[in-house]
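What follows is a short report on a single structure.
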Amino acid sequence: MIETPSLVDQYCHGVLRTELGLGTFEARLGRGDGPPAPGTTLFDTQTGFAVRRWCPPLLGLEPHCPPARYLARRRELGVLEAGRRLLRGSGITTYLVSSGLPDDLTGPEEMAAAGDAEAREVVRLEPLAEQVADTSGTVAAFLANLAESVHGAATHAVAFAATASLAGAGPALAPEPPGPGAVRGAAARWLAARRVGEELTDPVLLSHLLWIAVATGRPLQLHAGPEEPGLRTDPAPLTAFVRATAGLGTDLVLLPGLFHHRYAARLAAVHPHVYADSGAALARTGARAAAILADILELAPFGKILFSTGAQSLPELHVVGAHLFRESLNRVLGTWLTEDACTPTDARRVAHLLASENAHRVYGLR
Amino acid sequence: MIETPSLVDQYCHGVLRTELGLGTFEARLGRGDGPPAPGTTLFDTQTGFAVRRWCPPLLGLEPHCPPARYLARRRELGVLEAGRRLLRGSGITTYLVSSGLPDDLTGPEEMAAAGDAEAREVVRLEPLAEQVADTSGTVAAFLANLAESVHGAATHAVAFAATASLAGAGPALAPEPPGPGAVRGAAARWLAARRVGEELTDPVLLSHLLWIAVATGRPLQLHAGPEEPGLRTDPAPLTAFVRATAGLGTDLVLLPGLFHHRYAARLAAVHPHVYADSGAALARTGARAAAILADILELAPFGKILFSTGAQSLPELHVVGAHLFRESLNRVLGTWLTEDACTPTDARRVAHLLASENAHRVYGLR
Amino acid sequence: MIETPSLVDQYCHGVLRTELGLGTFEARLGRGDGPPAPGTTLFDTQTGFAVRRWCPPLLGLEPHCPPARYLARRRELGVLEAGRRLLRGSGITTYLVSSGLPDDLTGPEEMAAAGDAEAREVVRLEPLAEQVADTSGTVAAFLANLAESVHGAATHAVAFAATASLAGAGPALAPEPPGPGAVRGAAARWLAARRVGEELTDPVLLSHLLWIAVATGRPLQLHAGPEEPGLRTDPAPLTAFVRATAGLGTDLVLLPGLFHHRYAARLAAVHPHVYADSGAALARTGARAAAILADILELAPFGKILFSTGAQSLPELHVVGAHLFRESLNRVLGTWLTEDACTPTDARRVAHLLASENAHRVYGLR
């Protein structure tokens, strides 16, 4: 058993503040997946099994208890107290919380208080731009405020994140900043056409945003592939962007989604400033998570892999993500030791790199 | 050991009626693969090993006996008696048999009698259209007869299937039915140019066929990816078709082939009316099948996964497919239990969903 | 424990002749990967762990000893003696050595002497063409000398290899030889524009080279996919080339790189003249290698899979590649035996086919 006393969750979101019924809870458990087949529920998934395994004991129930009983106990404790017990039982000591989600989720301060942990903000770029657009009267004011907002955010945020999956989005990942004329034109068109609250999808403005963020020197989190299998992924633009940002002093952290962990791991091996997240893929996969983690450790150097839960809305997902990671890491490293592939000291070093040391180095955490 | 007393083979074909020599048997074992390397045979594959492991005992021989001895015993019993013993030893209690293959294979009634099982027909759309074309004198008659044939088939068939792998075939997966003019034009061109027995590949007519089938409300089996690695798979058209058919009340069952089980499983997770077959990928893979099944269970809800053998021509392939599935399922669920990932009751529920309950629900079997 | 007394390394390169410091050694260990993350080294990878596990004992040190100690001992012995001990400890009895690498690496004769083994040359086509271009005055002379050189090389080399990854290079994999006019035009343009030492990348000339090589009847090694994830792989041209060369009496050996072992294995199953290398993917993957090998054995017939190390520059990589292969094969076949998937005789046959028999047959080795 290899100890990971401290986990830095380098990519997660806050939790809901409202009491949840069984149906609402289940919908959040599915993270955007469709309704279940007739006669089944979204607890009939590996995530459902994992929640039933690890969360009930944190609320004083037996593991694997029926969903209805778990939800009743959760409501009995209240959303705040249940959230405190769950987050404090996750073993996570630092949360890097992405801001700017549409739901009314808890921010870094509340996550820190509820989880008795450190928490820092990762600023999502598109919502920031949308907010600036809502309050800027002219194109010139918008562009000036945008630059100021990003640089301002860099003083307190530990990183930036692009919300959209950019792997299929060639133009937004242009290997050089768009020229001032193109940016002004795109801003004028977008500001003229948009309604308040509308999402930013213009590739020139996205590219402009990415390059402003790169210039701050803060690490930039990028989605390396879509969750939706129907979207074709062309790795060429991301690779070109990776090459174009080499040597600028800004690290890129790739969030691989469900299908691209090997691709992200390989990019992390090849490029000094690129890191690969291991968590979001794990957290959905329940009993199969160790194989995914072994896959990532196969292709990326141990100094380039980061832990995260990718959790959102339910503190149960933070718990499940952390437990799956620790259990998977123990299984993979345990196999290595059994096979004499490395020494116990080596295995402990790998565990600490992935659990927290790499994140401390990349994000400049204390 | 988790019991699966009843297996519904939701995608298979009939078996040959003729006695087979070693060479002919081997060729069928390879399912269209090329001849073996010099000095080896197609028994030098995982499928070959699996046949030698599970089939000889059903014919009264020791497991792993040499191929020549097995074939001699098979001929001694005769093709009918050998087929009866093999199918009855498979543990399959319901066969959904695809019709319309060029070979003279047994149909559902003969499969039921030989296997002492239920059997229902899955009507393949292209052969149906070709048959209608052979007997229709004019374009108008062809189109009228086609619609009538599909709707007529829907009264006795449990499902329809598109023969071709449609994943690369954008136009045939058009997200809306082609207009009457386009259909008439395509039909006129095809009928004028075709020779009797020629396959239907016109994308407009294929699309027209698919949408007639969707309108019947019967589940539609679609190949999600080609077996041949040289054909590029573009998931976008299939995803568009999946979206366009949502909410119409017709289920889609994706047959993932050798390379797309994760993709099919993910589509089944996202879309309420989409199901993923787990069998055809397993049946080729012998000792590695448990990892494939674990992969599918990782991404798709347990209520969305179906068993099949994908077997054709040789009852040995039905036996191997069923044994591999049961053994793989036992290994995966056994691991879950060892790791305390779920309760024995949970594991039994998963086994029954995959083995038969999901198929009973989707196909409306008694 | 299944014995593989003899290993034919069907795809490797020579080793460096110079003494190496820790930094240079580490760079070679990474095979072109970027520098490690700050605070880590390239020994913090699965390849690094594997080198520390298997190589120190061959130089008289304990397994897993620190890198600095290992390097000190290596220098103490000298590069020649260390190389002899390592290669002789690898268990490889025949090396097929690719020629024409830019570094000053040992050739087949030196590999044979150092490793106390057989060694044969695999001639890389592009360097051969570049050498011919350096010494030919006219287009006509270049083309005549090129054909003569390839046919001359075929008298002593056991195979040809295309250096470039051709999977993305449609035109170079044209399914028929380019016409004489096109070849003359391409040669004229290339000879006029090139500087001495410049690499050949013209697709018409590459295609011309491939087809001359095919005409010699010697096996042709082709890279089935790039190592770099940013390069999009279109399998269609390779598949078309495979089809076009069927029945010509020339075998193709696919080197799948890090991402395409399943694709190469499937092509080997479908096409009689196609073989799949299993080694280059394994050799990078350390503790995860058995899963990769199981994947390949799942899709390709046992008579179609070849062992290699893909090693270059460091004899440590030959050692690691050979140990990983033997250990992975033992693990996979051991599992098969535990599960009664085959007999011990079957397992030994599989081991011998992969370790050496297939290579002896394909390359006509004694």
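As written, the chains take the letters A, B and C, and residue 1 is the first residue of each chain.
Here is the rule we go by: a contact is a pair of C-beta atoms (placed from the backbone, for glycine too) under 8 Å apart; a residue touches a chain by one contact, two chains touch by 3 or more.
All of these numbers come straight from a predicted model, not from anything done at the bench.
Under half of the residue numbers found at the chain A and chain B interface occur in both copies, marking it as a different-residue contact.
When the CA atoms of chain A are superposed on chain C, the rotation angle comes to 120 degrees, reported as a multiple of 5. Per-chain Cα centroids separate chain A from chain B by 38 Å. Under the contact definition stated at the top, the residues of chain C that touch 2 or more other chains are 291. Touching chain A in their complex are the following residues of chain B: 234-236, 238-240, 242-243, 262-263, 266-267, 269-272, 275, 291, 294-295, 297-299, 301-304, 332, 335-336, 339-343, 346, 349-350, 353, 357-358, 361. Against chain B, in their complex, chain A makes its touches with residues 32-40, 42, 44-46, 49-50, 52-53, 63-64, 228-232, 258-259, 284-288, 291, 327.
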